[in-house]
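Shared chain: chain A. Partners: chain B in the first complex, chain C in the second.
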Partner chain A sequence: MLRQVLLRLVTTLVTLFGVAVIVFVVIRVVPGNPVAMMLPPGAGPEDMARLQALYGLDKSIPKQFVIWLGGVVQGDFGTSITTRQPVAGLVLGRLPATLELSVMALVIAVVWGGIVALVGTRFRGGRAEAAIDVGNGIALSVPDFLWGLVLILLFGVLWPVFHISGRVSPSLDLPFVTNFYLFESVIRLRFDLWWDIVGHMLMPALALAFPLAAIVAQLLKQSLKETMHLDYVTLARTKGYGETRVILREALRNAVLPTLTLVGVQFTFLIGGTVIVERLFSYEGLGNMAIDAVINRDLPLIQGIVILFAVIFTAVNLIVDLLYAVLNPRLRHA
Partner chain B sequence: MHDGRGAVRRRAGARLWLSAGWLTLAGGAALLAPWIAPHDPLAQDLFAGRMPPFWVAGADPAYPLGTDSLGRDVLSRILHGGRIAFLVALIAGLATAVLGATLGLLAGFFRGWVDVAISRLIDIWMAFPPVLFSILLIAVIGPGLWSIIIAIIVIDWTRFARVVRAEAMGQGAMDYVASARVAGRGRISTLVVEILPNVLPTIVVLLTLEMGIAVIVEAILSFVNLSISTDSPTWGGMIAEGRTSVHQAWWVLVLPLIALFLTVLAFSQLGEGLKDRFDPVLR
Partner chain C sequence: MKLTRRSLLQASAATVALGFAKPVLAQAIDELVIAYNVNLPSWDPTVGLSGVNPTLQGFYQTVFDQFILQKPDLSPAPGLLTAWGWSDDRKQVWMDVREGVKWHDGSPFTAEDVAWSLVRVAKPETGSPIQFVWGTLTNHRVEGNRVIADVAQFDPTIFKWMYFLTGYVLPKAYYERVGAEGFEAAPIGTGPYKVEKYERNAFVRLKANADYWGGKPEFDTVTIKFVTDAASRVAEVESGNSHVTLEMPYEEFDRLKGKAGLAGVAKPISDIGMIFFNDIDVMTDPNVRKAAVMAVDKQTIIDRLLSGYGVAIDTLETPDYDAYDPSIKTPYDPEGAKALLAASGYGPDKPVKFKIQTTKGFKPKDYEIIQAIVGLWRRVGIEAEIEVYEIAKHFELRAADQLAPAAFYNWGNSVGDPTTSTGFAMYGPSPHSVWDGQDVIDMINPLWGEADEAKRIEGWKGVSRHIAENALVLPLLQYVQPILHDARVKVTPHASGALLPHLMTRA
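For the complex of A and B:
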């Protein structure tokens, strides 16, 4: 078990190193000199050379990579070209916003998908299940970007009950010391702020949650239906328990494991989806910052954000694998 | 599946035909756009800005689906935008399928270091957020139709490679492959003549799904204004413009959104429908 965990950690590190190399090389073939855009009009070639030297862009790509990697090991991801602030600080400042949005979407997806699966199993074979299957099929086929647009139209324009732009109303005075607004508003018992933040997050979170909810519903329903034929479920039935109780108390516990693994993998897709959904809702997270960084050709910032995303992706996969090993009794005693 | 197999199959059949029908209609209209579009999609008519579509009071019959804030005909722009969407879907989809399936077949059939190298590459690729990766690539190679197509190929080949690798591995272990080898077939020849035909249904399903993804990627990239030049109408570009003026002229956002929504849904449902068709368990 320990050996497996260590092996898994090593492959994770190899993957991250590969990501770093690819991002570094890809970014450095960008046409258009980012430094040229920073200089005021009238600056001469020696100004340009000085600035390039300042950002280390005058050295060869392998040399730049070694210098950059040396910095990364010490937690220094370089300096953003547009804002002239350390990348690590900028990126970590935005990370809480994206994490809160992703986790909120995950919770919505799991709760919603779970309820749909339970209802579908309870009324299996009937019209309700057929309707659920069709709804799932549509929710799954349409990506978060389109759900976001649909939600903007429905609840931002047609029936404007939710905010469709930003993370919190700009007029509010925020007493927060961290960037985990949603979490901190609860801790500080500021439910007025909490309500405003949720009102801003709900639409983008729903857009992200729809496809995942459909996947959860589909898979959980399938495993539940398979479990319903097993002996111990029949036994529970002969004891006289009602159908709903059999599903909730007996079948659910055993049907949950395959769904869990899939949710982990799908969660990384959800996090990847935040890039465009944050843009759509002008939500001030990592994804929105990434698109701005690309448009401004802010190389160090792009690099930092892509690597951070890769770290999150691989970390989620790692956690899921470990969780699966812990929860699955067959693997635990192996 | 003890319950209503007939009903399930009927529903699957309807889904297949509805999606194929919409794609034929939209694809045909996109193909014929230069001949059937009532206006030049770029022609501005500043005196006819934000005309509503025909079913709303105050519409101008010359512009059946209304005009945008610059007075450009929405119908003509949707038709011409569809050309780009379907072109990207077709070329990027096919090229991604060829690259991904080839790598998947090689990894799954030859195993050994080929498999290790390709699998590791897939792992690294999967650690990139795809939307961010595509935006990054477009920033690097510069906007344009071909850049979008290249970005889709570079990012999405893993979708094919992963699945085809697993399938090829399964097929490679079967008796018919061993007997082909015993009968004297070469390795490459076995791969192409014996294994490829058996993996082809899976590739077709993935290709259909990939075409829907390509349409979305093109829309997302034109939405963030990194697609082709602003003077070619695209669905994503129209949606981005419509988003800013949605309170004054909702149709500029809603109509291209419906076209995009239905097309993406149709590709996906067609793929799922074909999957059920090819799946011997359901048949």
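For the complex of A and C:
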């Protein structure tokens, strides 16, 4: 087991290096020079050369990469061109917002999808299951940003109960020392702040959660259906257990394993989905920052964000694999 | 009361609704909330990309003062500088500094601040992108309440730059004490509002500067939310979460401005839409260029695609600019276009072909406008292939003089001087120009340093006429900026496009 973990860590490092190389080269090769964007009227070629040198873009790409990698090894991801702030501080400062949003969306998706799957399994073959299948189809076929627009229209404009933009009301004084606002508001027992933060997060979280909830529901329902035909489930029925108890106590534990793997994989996609949804809701997370960085061709910031996303993706995959091994005895003893 | 499942659900829903519900459209607006269309990446208005980004100037002019004030009609007025000018021999500039002004931290504003700010933006190492302008002044010195500098290279527009990009006065003592990073964290200026709270990518909360030399602004507290998505901005105002917003589809603007409780104002701003012609391939044929200009019915495009919000233009100078000449016209004439193309051997059956580049969604209906133009061109015998690119690619290609034969762009010129519109857009050696014709270069060269203002402006009008007669560029329209707002707020639009909270009052 330990050997497997170490092997995964090594492959993770290789993956991250590969991502770093690709991102570094690609964003410099595609058209869109940040210095060309900041040239004002009247600037001449010498002004362009001066700014290229100022931002280190006058060197060859391999040389730029070596300099950047040397900094990364020491924890220095460079300085953002647009904000003139250290990249590491910027991306780590925004990471908590994106993580909180993603986790909230994941929780909603798993709870919602789980309940729907259980209800669909309990009433399989009937109208309830048909309605659930139709609902799942709709949830899956509508992309998250469109769900966001629907939610804004419903709960932001027609029945304005949630906040349309931002992460917290500007008028509130925040006593937080971390950027995990939701978590810290609970720790500090500041439920007034918690309520305000949730009011800002619910719509983007729901927009992200709907498609994932549908996937969870479909897969778990299918797994449960298959499990319901196994001998040990039949045995439970012959013991006189009710259908609900059979599903919850007997079938669910085995049926949940494939769903767990899927949730892990989908969580990484969910974090990727925050890019558009955060933009739509002006949520101050990594995704929103990423779009600005791309528009402004803020090369160091793009690199920092992509590397962080890559770290999250590989870490989530690693955790899911380990969790799966723990829950599945066949893998644990392999 | 009997508790049923239905009543419990209803009670829960009501509780949630009441809990999250915000006071929407209360009677009096205590705190003005503006949904802005861009994020503010940096508080230093003099360096990097932010310094030359026209859409950010509204933030900066809210907190900082420029050397010279610019009124909503783009004309200059006394600000931190109360008077300014050149010596008779044009070897020196002098600037008189307003007395009694305080920085947001209460410290006195002095002539030293003005001199230091001018010196700082002239230094290449600060990252000032306009160093080439500020560097034309040297040997800055303070004599009492007057700042004097020597003119290293005469630039007739130097005082216009003092209310243009990077022309801001920053606090010398404070900046030197806190450094660049400290200034980003807690910026202070002499402007109408003080920064109270700033959340990157989220909002800035401002408090009125009670000591502002121009008078205390009407709203004590202003929150500017950064809402980059147009649909969300509209929803912000429609729901009452924000009181003012800008830049939305004109159809949405028309729909909402008549709605109860809402109002709208739409005025032309200093930005224009244009099509660059690169002097390569078929664009070296004057008949092709002239036909391409004559075949475009600008007014119909404005009416149909922009709901009438736009002003058709025939030169790169709008009616608000100093060198605008209403006598220069390039009328819509499709038959004339056909005749010109026929003279060069082209026609609807044998069209002249070239590529046109455009952004999509960067400016209102940019792609649709180009589609319409390509359709109009097709009728006279021009077959243009559309290539969509990002604005970043446009900048790079333009700087390298590698744009396609035709390329759509928008040009901003909030000081209205011909050098910063026609000049830099059409002067071959400029990295912003893709037209390299020597005739234009020769016409423009003497104008850069022309000291006689009337002669200078007449010279630029002559350049515009030459450009129009030879169809070296296709000017399209002056943009109109839609501002949607709560009916209880009176908004004074600024022709530069900056949305300024201190120009807003209670209706």
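Just so it is clear, the second predicted complex is superposed on the first by the 307 of 334 C-alpha atoms of A that agree within 3 Å, B and C clash if a C-alpha of one lies under 4 Å from a C-alpha of the other, contacts with A are read in each partner's own complex, and residues count from 1 in each chain.
One rule holds for everything that comes next: a contact is a pair of C-beta atoms (placed from the backbone, for glycine too) under 8 Å apart; a residue touches a chain by one contact, two chains touch by 3 or more.
All values reported here derive from a predicted model rather than from experimental measurement.
Applying the document's definition of touch, where does A:V157 land relative to chain B and chain C: first, second, both, or neither?
The answer is both, since A:V157 touches chain B and chain C.
Once the shared chain is lined up, is A:L118 touching chain B (first), chain C (second), both, or neither of them?
neither
Figure out whether A:I81 sits in contact with chain B (first) or chain C (second), or with both, or with neither.
second
Which partner chains sit in contact with A:R279 here, chain B, chain C, both or neither? Use first/second/both/neither.
Touch partners of A:R279: chain B and chain C.
Once chain A of both complexes is superposed, is A:G199 in touch with chain B (first), chain C (second), both, or neither?
A:G199: touches chain C, not chain B.
Which of the two partners, first being chain B and second being chain C, lies in contact with A:N288: first, second, both, or neither?
second
Which partner chains sit in contact with A:A105 here, chain B, chain C, both or neither? Use first/second/both/neither.
A:A105: touches no partner chain.
Taking the superposition on A as described, I'd like to know which of chain B and chain C A:P45 touches: first, second, both or neither.
Touch status of A:P45: second partner only.
Is A:R297 contacted by the first partner chain B, the second partner chain C, both or neither?
After superposing on A, A:R297 lies in contact with both chain B and chain C.
Once the two structures are fitted together, what part of chain A is touched by chain B and by chain C alike?
The answer is residues 30-31, 149, 152-153, 157, 279-280, 291, 295, 297 of chain A.
Using the touch definition from the top, list the residues of chain C that touch chain A in their complex.
Within the complex, chain C contacts chain A at residues 16-17, 19-22, 24, 31, 35, 39, 41-42, 44, 47-52, 124-125, 127, 129-133, 165, 180-181, 184, 197, 199-203, 205, 223, 225-229, 231-232, 235-236, 238-241, 389-393, 395-399, 413, 419-420, 423-425, 429-432.
Taking the touch rule as given, give the residues of chain B at its contact with chain A in the complex, in rising order.
Going through chain B, the ones touching chain A are 3-4, 7, 11, 15, 120, 123-124, 126-133, 135-137, 139-140, 142, 212, 216, 219-220, 223-224, 226, 239, 243, 246-247, 250, 253-254, 257, 260-261, 264-265, 268-269, 272.
Tell me, which parts of chain A touch chain C in their complex?
Against chain C, the touching part of chain A is residues 30-34, 36-45, 47-48, 50-51, 54, 80-85, 90, 93-94, 149, 152-153, 156-157, 159-168, 170-171, 195, 199, 279-282, 284-285, 288-289, 291-292, 295-297.
List the residues on chain A that touch chain B in their complex, please.
On the chain A side, the touching residues are 11, 14-16, 18-19, 22-23, 26-27, 29-31, 124-125, 130, 134, 137-138, 140-143, 145-146, 149-150, 152-153, 157, 268, 271-273, 275-276, 279-280, 287, 290-291, 294-295, 297, 302, 305-306, 309-310, 313-314.
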